[in-house]
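What follows is a set of structures for review.
Each of the next two complexes has chain A plus one other chain: chain B in the first, chain C in the second.
Here is the complex of A and B:
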């Protein structure tokens, strides 16, 4: 088991981050060269001002008409995304490992706060899953891959909670935590989680077209 | 009960009580990691039963942990077990001397990693 920990905390972590970075560059290159080939005209609509204006407006909870139509979903979605990145970047155990491995360090959030956020992230995943079953209009466009992706995202948080509270064997839980996070990182470029990369561009494009060409707000 | 017998029982139970009390520290850890330098701890103190640990791990050379550096060089054959790690390692690192937490983690988890033996995950050392 010690050897498995050394494997998942060392070589596998390097592989996962490399696949994430190289895979992301590949996916962005792929989409941009496709756009260049087929829809040259798209590029003439891009305006940094209108793109940023749209991105900023869509980054404020309940700021858009669409968000106000779905207030609960919006609240949960914002909590989920904020929790995801705040825990990833500011959890003390993550920063401690980076400091001891690379000599870099930055401020952290209290573990008690991270704990609450982790439960909220897992709860949000359950909420998204239930919504996919009970809302007919969403159930209609749902298949098993949606649940698989939700499980993939929830797994590092669930195992992180187990490892932190030492529910179950700490070594095993920490191994499962690192392994599930690595699987998640590797899947980002190649699944619908790729929206993490594309969202700023699609939002920016729509913002540009609405702002510059149609002279209307897109929120 | 005669007074003699009473005082015998009283004395005997006194001795039994004392030896039980005296034995308690022997059941718990004998070495206390000096953690005052950290201020309030954010995690439970790490498990470390000095003599049992070193016996199990086969560590005879005290200087593996209780090292002495002079002019940036490890001094062979000298050890510093009269000092706490925190006497030299301040919270923040100073030049090549790592800060206290990093010193502990590098020393402890570093060896466990090289030997692929002993605790590696946070929760294995910082047991609740």
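Here is the complex of A and C:
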């Protein structure tokens, strides 16, 4: 068991982060070189001002017409995304690991808060999954990969909760937590989780088109 | 929920007879491989299948929320399988994809405003249309219109002399009302070239009359061309026929350049504006139109604010205003339009939602041009608009777009609404000061 722990917390972590970083660079390079090669014209329609206008307006909860049409979904979606990144970056256990490994440190959030947020993230995943089943317009475009992606995202949080509360074997839970997180990191560039990388560009592009060419709001 | 009927159309049927699986595969891969790039890749891979675009679509809303009419549902039934199977899809699939992309989406871009990622679903539906065009599956009626564009450079098989005759005829008519009025043809160096769509000389000549009266009263230095290139409409844009689109727009811009005008003013048409202002210029390699293009709504607003036209009387009865997608989501003219409407009408009752969140008339994007086979399905697919119109309780609707007129007219009849439709130019013509008349 200890040897597995050393494996997942050492070499596998390095591999996962490397794949994430290199994979992300590759995906961004791929999309930009494709644009440069075949759709150069896109660049001439990009306006930083209108791209940012669009990104900012879509980053404020309940700010857009569609968010107000779906107030509960919007609330859950924002909690989910905020929870995801806040826990990833500011959880004390994560920061301590970084400090021990690299000597870098930054402020952390209280563990009790992180705990609540982790439950919220898992709850949000369940909400998204149920929505995929009960809402016909979502069910129509859902296949097993959509559930797999939700599972992929929920797993590190679920195992993180188990490890933190020492439910089940702590070492096993920690191993599962690290392993599932590593699988998630590796998946980001190569699945629809890539929206993490692409969304600012699709949003920015359409914001530019709407703002600069069409003189109209895109929210 | 009323089930979707797969409609028989002669163009689709005949085209399908000539298809082979190899040709479908080759064509899909040629279009997706050669004519798309980063955008399609990012759109397809970024979409998380959340379904949040659904409520943007009037087809979805009007079809009892049938998910197969939701924007992402349409992508699922067209683009996704094409990509997944690398073009290996059946003839039947292509026939259905044709109906979906060509007759069940108005390319109104409302869903683009509802997608959290700003994914341009209208772009993907246009891509399907491009494939449909290359497979010669385009519905018969709109294909005939594209043929007319190709043969005559106008939408309605108007012959060159008929066009000039129509303008002379209207000039004669106007001179009974305003003795010295002119419709100047081929006036080089005029400030404005006024361009219209094919249906105006064909069966809505009163609109040319009214526009000419406005021009004359405003004392403008304007002209209309006597050569092909006068028509700004463009159904080729909606059949995915980029080559004919490019020929049309080149003829239009070159006519304006030949006349050395400062700007092109166009009549109250939405799709033509999209073509000249947004799409046609791009296909010719112009980032923005090479000659400024002013839609009628903006033109009226300018005239009113420059004091060139004046209000003589106001419409007393309450009116409502329909926002055409292509000049509102396509150019943000909703406030200017309202200022003009309020100047000429005492009481403007809004539809909800309105402005850039308007619901489309379901005629746009070439859907009405697919003709009689699809008419019932189209009108049934816009009960949402009928409810919106009805809720205003007014009897006069101003719709500054030809396609919207066609679409709304069908809706008004089908749903038994007691409502009259007018162009904004008609209202201005009725209500403005005409000193020489």
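The rule is simple: the second predicted complex is superposed on the first by the 219 of 219 C-alpha atoms of A that agree within 3 Å, B and C clash if a C-alpha of one lies under 4 Å from a C-alpha of the other, contacts with A are read in each partner's own complex, and residues count from 1 in each chain.
Keep this in mind: a contact is a pair of C-beta atoms (placed from the backbone, for glycine too) under 8 Å apart; a residue touches a chain by one contact, two chains touch by 3 or more.
Note that the coordinates shown come from a computational prediction; the quantities given were computed from them, not determined experimentally.
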| item | value |
| --- | --- |
| Fit or clash between chain C and chain B when superposed on chain A | fit |
| First (chain B), second (chain C), both or neither touched by A:59 | neither |
| Contacts of A:18 with chain B and chain C, given as first, second, both or neither | neither |
| First (chain B), second (chain C), both or neither touched by A:166 | first |
| Which superposed partner A:31 touches (first chain B, second chain C, both, neither) | second |
| Touch count on chain A, higher of chain B and chain C | C |
| Contacts of A:100 with chain B and chain C, given as first, second, both or neither | first |
| Inter-centroid angle chain B-chain A-chain C after superposition on A [Cα, multiple of 10°] | 170 |
| Which of chain B and chain C A:215 touches, first, second, both or neither | second |
| Which of chain B and chain C A:92 touches, first, second, both or neither | first |
| After superposition on chain A, the shortest CA separation from chain B to chain C (Å) | 35 |
| Complex contacts: residues of chain A adjacent to chain B | 2-3, 5-6, 9, 92-93, 96, 99-100, 111, 163-166, 170-171, 173-175 |
| Residues on chain C engaged by chain A in the complex (per definition of touch) | 36-39, 41-43, 45-52, 54-56, 60, 65, 67-68, 70, 72-73, 76, 112-114, 116-120, 278, 282, 287-288, 328-332, 334, 353, 356-357 |
| Parts of chain B lying in touch with chain A, wherever the complex brings them together | 42, 101-102, 105-106, 112-113, 116-124, 127-128 |
| Contact set on chain A toward chain C in their complex | 31-32, 34-35, 37-39, 41-42, 44-45, 54, 58, 65-66, 69-70, 73, 135-142, 146, 149, 192, 194-195, 198-199, 201-203, 205-207, 210, 213-219 |
